[in-house]
Amino acid sequence: MVVGIFILVSVIKSMIVLLVLLTAVAYTVWLERKVVGRMQNRWGPTRVGPFGLLQPAADGLKFLFKEDLTPPHVYKPLFLAAPMMAVIFALTSISVIPFGNSIPMFGYRIPLQITDVNIGLLLILGVTSMGVYGVALAGWSSNNKYSLLGGLRASAQMVSYEIALGLSLVGVLIQSGSFSLRDIVDAQGGRFFYVIPRWNIFHGQFIGFFIYLMAAYAETNRIPFDLPEAETELVAGYHTEYSSMKFAMFFMAEYANMITVACLATLLFFGGWHGPLAGPPLMRALLPVAWFAAKVFCFLFLYIWVRGTLPRFRYDQLMSFGWKFLLPLAIANLIATAIAVAW
Amino acid sequence: MVPLSYYLLLGGFLFACGVGGFLIKRNIITIFMSIELMLNGVNLSFVAFAAHWHALAGQIFVFFVMVVAAAESAVGLAIIIAVYRTRETLNVDQVNLLKL
Amino acid sequence: MNADVNLWLIPVLPLAGAAINGFLGKKSSRQAVTTVALSFSGAAFAMALWVAARFSSLSVPYQEFFAHWIRSGGFHADFAFYLDPLSLVMLLVVTGVGFLIHIYSVGYMWDDPSYSRFFAYLNLFMFFMLTLVLAGNYLVMFIGWEGVGLASYLLIGFWFTKDSAASAGKKAFIVNRVGDFGFLIALFLLIKHFGSLNFEQVFGAVTGLPAETAGAGLLTTIGILLLVGACGKSAQIPLYIWLPDAMEGPTPVSALIHAATMVTAGVYMVSRSHVIFERAPIALTVGAIIGTLTAFFAATIGIVQTDIKKVLAYSTVSQLGYMFMACGVGAFSAGIFHLMTHAFFKGLLFLAAGSVIHAVGGEQDMRKMGGLKAFIPWTFITMGIATLTIAGIPPLAGFWSKDEILWKAYQVSWVYWLIGLITAFITSFYMFRLLYLTFFGDYRGAQVDAHGHGSHDRDAHGHGEPHESPMVMLVPLMILAALSLVGGLVGIGNRFEHFLAPVFGTPEAVEAASHGTEMLLMGVSVAVALLGWWFAHLLYCSRPELPQKIADSLGGFYQTVVHKYYVDEIYAAVFVKPLIEGSTRILWQDVDRKIIDAAVNDAGDGARHVSDEARHMQSGNIRSYAGWIAAGSAAVIAFMIGMWMEGR
Amino acid sequence: MTGTRKLSVTGNWKARTLTTALMSFHLILFLSFGAVCVGGTVNLLAQRHPINSALSLIAVMAALAGEYLLLGAEFVAAVQLIVYAGAVMVLFVFVIMLLNAGEEEETKGSRVAILIGVPGTLISSVLMAWVVLRHSGTEAVAIGALPGHPVDIAQLLFHDFLLPFEITSVLILIAIMGAVVLASKPGSAAGKVE
């Protein structure tokens, strides 16, 4: 009954990953409030638990118990479906992200990844590209002009930046010759001159990383590209009409997307779980996961940092930045990489 | 094991429904979607045949179909927008004259 | 084979000149146009001289492949050039005389508003003529053949605003078509039976034919068809009628195209095809008869013409008849010899005539000239030399070549000789008549002023007296006069014949016995020429009242001759009128209107009626179209499945 | 849709012992994706609001991506998701939102489409289905029968089919320009591409 074991292992892994992910989402929110608070010279959450650590739980409870308003004149089926779609696609893409090497357990080598697909990267791209529906449909079905504008902006913005995002990754793909995230990370092992790690960012992909970072911020609708929910112009953009758990779903989706994007950046440009190893075998097995988590944390911190620092773009600036700067730059980077590899 | 004919039947069903959609739908966007449905039905047969004959070229055709479909939808939707702008309707039954 | 001769440059140089003058000349100054025209034609001449100088070092025939043209099955025709003594002679004549006439034209045409167009055409003509001469196969020759026809058409109708010039151009073109038709059919026959148009291959194949079948049918047919073509181009009976009318063109054109070069293309072509003709005795005989008759016939018309250029035109026809006679009796090299000398003296005659016309302000009627030798001495001297030459006074060029022809003709049949001799007498007579009428006696013309001939008024300078032409016109006259004086010397002792021997075969050794006969005949022809001179002197110098009396006494016959035997009228009645009537009544009103137009209209009406019914299908509704498509595809699928089931 | 690939990729599992189990598993997956396809298609036709039809079509396309995975065409599946579901359909949804397309009106513009087109479609469908069922046999398509590895596809696409590939890139370029020109308001600055 190998199939049974396989399904069992998969289910267990999925549950663990889901649990970790949701926890991470919750505490990313906490982290953001804390860090932004400090940046703005205030305390952030402090009352619930030590350092406000229980604040996410309190938020969750609040969302759960709030009244779930459904305004009149909305297009109900989609109004309900939109937040679900958003959160489903946000959570799906984590399934192909590897967190570390495989570890031996019960006579099997269990890869630290829900599933290793040899087109993992493409799958992530595909799933994140589906993510736009949640936002767009939420905006449309709300039957509210601010929501509609937010939804239109979101769909245009995400479709536009997806191109730059995809092209920025092609450089990495050319260098490692595989779509499999595990292969890409494996290709980044080792060092230059015994000192500099052989990560892609040090391996000629700095521009690619830059483009990826910009596009990823736009894809996740984060500052400075958070036009779909620009509070000052659109009230709250596409989720103006949402409340309670449905709003929480969008919230979760946004932070889950942030984490996915941070994971991807780590895997593609920062060597994934590669890092100095030491200690007993168990530690050697788990240390990579720690390295991976640390790198992802850095990216999440960067997200928050940027949010605390930068102002918002104007919409036409956003579009021309994407189409007239990032896209040509990504193509140039792709060509340069191709020439370098071929040569 | 799934027989080839199942895939072909599924593809054929998609295609036939696409044709049917073209015939019975009035909304020009839906009609356009029916065309995409037909293309998808054809793509499925291509991939199924590719698997059946162990010829990867079948999948390449799918790529070309997708490229053409993407180009077609870009131009087609632009045309729809232009039509809507001048006729203020999306009903094809009311768009039956070449001149305004 | 020396590949470095670059024969192709010779025709292409004038083409370049034509292109430059044709496209840019309109906006350029006359000096620039002159420079271009003269330098390109001069370069062609220089190149021809250079080729001639190197000729002995070339392996003859020298062939030059330029490019593939047609390759169809086993048949192929290329752009290829071919140089042997025959084409070398033609090359030198065409480029040399052509260059001189270019120079002359600078003076003659200087005041014409279409100066650049004239030189563009002239250079274009040079290109086609050189293509014709240097062609390596019949097809390339045909390009040149048609091309010179085109250039001739353009130049005859050069003053196209004048009705007579325009229609003369058309006449030349159309009459030439009749000849070209024969030529083309001959080419098709060659392709069909020999699978090639290359001179070498065709002649090789013809030579290879067994002797007893050679003369039969095929070669005779081809020969006669080629003759038809040659008759058109070289103005022989029955297709000579275009040449006198062609005198509507500017005089240098008449000199170059309608005297010196183009009209001799027929002779050249027949000589080039001598291999075929030598095996087709009937065709040869036909050629000889045509030539002899033309020579005599045209000469008689020449007697009574009063237009100075018309006289020369008929003289040309007559001289061409001589050349045909030569070819017809198998004396190709004599024909070519006469061609060359004729190019010199007839070119000179025309140029001198042009100078005369120039001098008297565009007047061409000899009755209004007279006494011009005092006014235009240089023209008189050169024209006098030319007249002596054409009359056959030794030791000038015409004597040698004409005598050669007569001698060869005598060897074949005394009839040819006799008619040729009479023609020589007439020639001498009408040429001296021209000379006397023009240069002697008193000046009968009006004061030269602005009342010149219609469009010739460019010559009317509004001055009082006939005046000598500028040097740029006189120098070519002098050079040609010199050539007429000495040009015949190359024929002494059969040198010319030996030079052409590689082409026509070694001349048979003249029997010693007949040598005396030759001298006798020579004497007779000289005597005849002098007799003509004396007769002309008598009629037009000593007793000028006599011609009118003779004309009166001859009455109807005289009128017939003056009207050129009514040939034009007969042609009009026999060919042209039925053609016009038939086209109008039957083809236009019956066939075109009642059958073709009606069919087209009915088809249109029918289509409209059917469409009226069928357009209801075109509702403009996309879904209906889709419905039809679906139904149609269902039918197609059902049909295909049915076929497939049947096939199983 | 990603769980199935695990089996053919992970080396730890002895594929030999799995085959029988896979048979039924494979068929179940095919049927479930197929059910989504059929349901989505029917919904596409049944719904009167274009946005519902568009969402049905997205579902069909996603399910088709699953079918491609079953057929071993991983790359095609990914591209199906990215290009069709992720880009083309977003464009459709975008246009529907932009034009604020409402419910379909029940106009009777074409009798031909109903009276001739629909029976024609039915006839050809039945004929084709009959041919497929009757004559094409029931050869099975094994899972992972075709390793549609990106490298092989790249080899075909960028080497054997290079010219068509380049031509399609030109086609895309033309389509972009055409779309810009067509969709721009007449006389507006966008018509002359900035």
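For this structure, a couple of remarks:
The letters A, B, C and D name the chains in turn, as written, and every chain counts its residues from 1.
In this text, contacts are C-beta pairs under 8 Å (C-beta built on N, C-alpha and C of every residue); 3 or more make two chains touch, one makes a residue touch a chain.
A quick note: this is a predicted structure, and the numbers were derived from the prediction, not measured.
Ranked by how close its C-alpha mean sits to the mean of all protein C-alpha atoms, the top chain is B. When the interfaces B-D and C-D are ranked by C-beta pairs in contact, the top one is B-D. If each chain is reduced to the centroid of its CA atoms, chain A and chain C end up 92 Å from each other. Centre-to-centre separation of chain A and chain B, using mean CA positions: 33 Å. Chain B and chain D have centres, each the mean of its CA atoms, that are 9 Å apart.
Each chain gets one centre point, the mean of its Cα atoms, and the points for chain C and chain D are 77 Å apart. Counting partner chains per residue, chain D shows two or more touched chains at residues 75, 79-80, 87, 91, 96, 98, 109-110, 113-114, 117-118, 121, 124, 128.
Within chain A, not a single residue touches two or more of the remaining chains.
Multi-chain contact residues of chain B (touching two or more other chains): 19, 23-24, 26, 92-93, 96. Viewed as a contact network, the protein chains fit none of the simple shapes, being neither a path, a ring, a star nor fully connected.
Across the assembly, chains come into contact as A-D, B-C, B-D, C-D.
Listing the residues of chain C that touch chain B in their complex gives 619-623, 626-627, 630.
The touching residues of chain B, when paired with chain C in their complex, are 19, 22-24, 26, 31, 92-93, 95-98. If you check the complex, the residues on chain B that touch chain D are 1-10, 12-14, 16-17, 19-21, 23-27, 29-30, 32-34, 36-37, 40, 43-44, 47-48, 50-52, 54, 56-57, 59-60, 62-64, 66-75, 77-82, 84-85, 90-94, 96.
Within the complex, the chain D residues that touch chain B are 23, 26-27, 30, 34, 37-38, 41-42, 44-45, 50, 53-54, 57, 60-61, 64, 67-68, 70-73, 75-76, 79-80, 83-84, 87-88, 91-92, 95-96, 98-99, 101, 104-110, 113-114, 117-118, 121-122, 124-125, 128-129, 132-133, 136-143, 145-146, 148, 152-153, 156-157, 160-161, 164, 168, 171-172, 174-176, 178-183, 185.
Of all the residues in chain D, the ones that touch chain A in their complex are 2-3, 5-7, 9-10, 12-14, 17-18, 21-22, 25, 51-52, 55, 58, 62, 65, 74-75, 77-82, 85-87, 90-91, 93-94, 96-98, 149-151.
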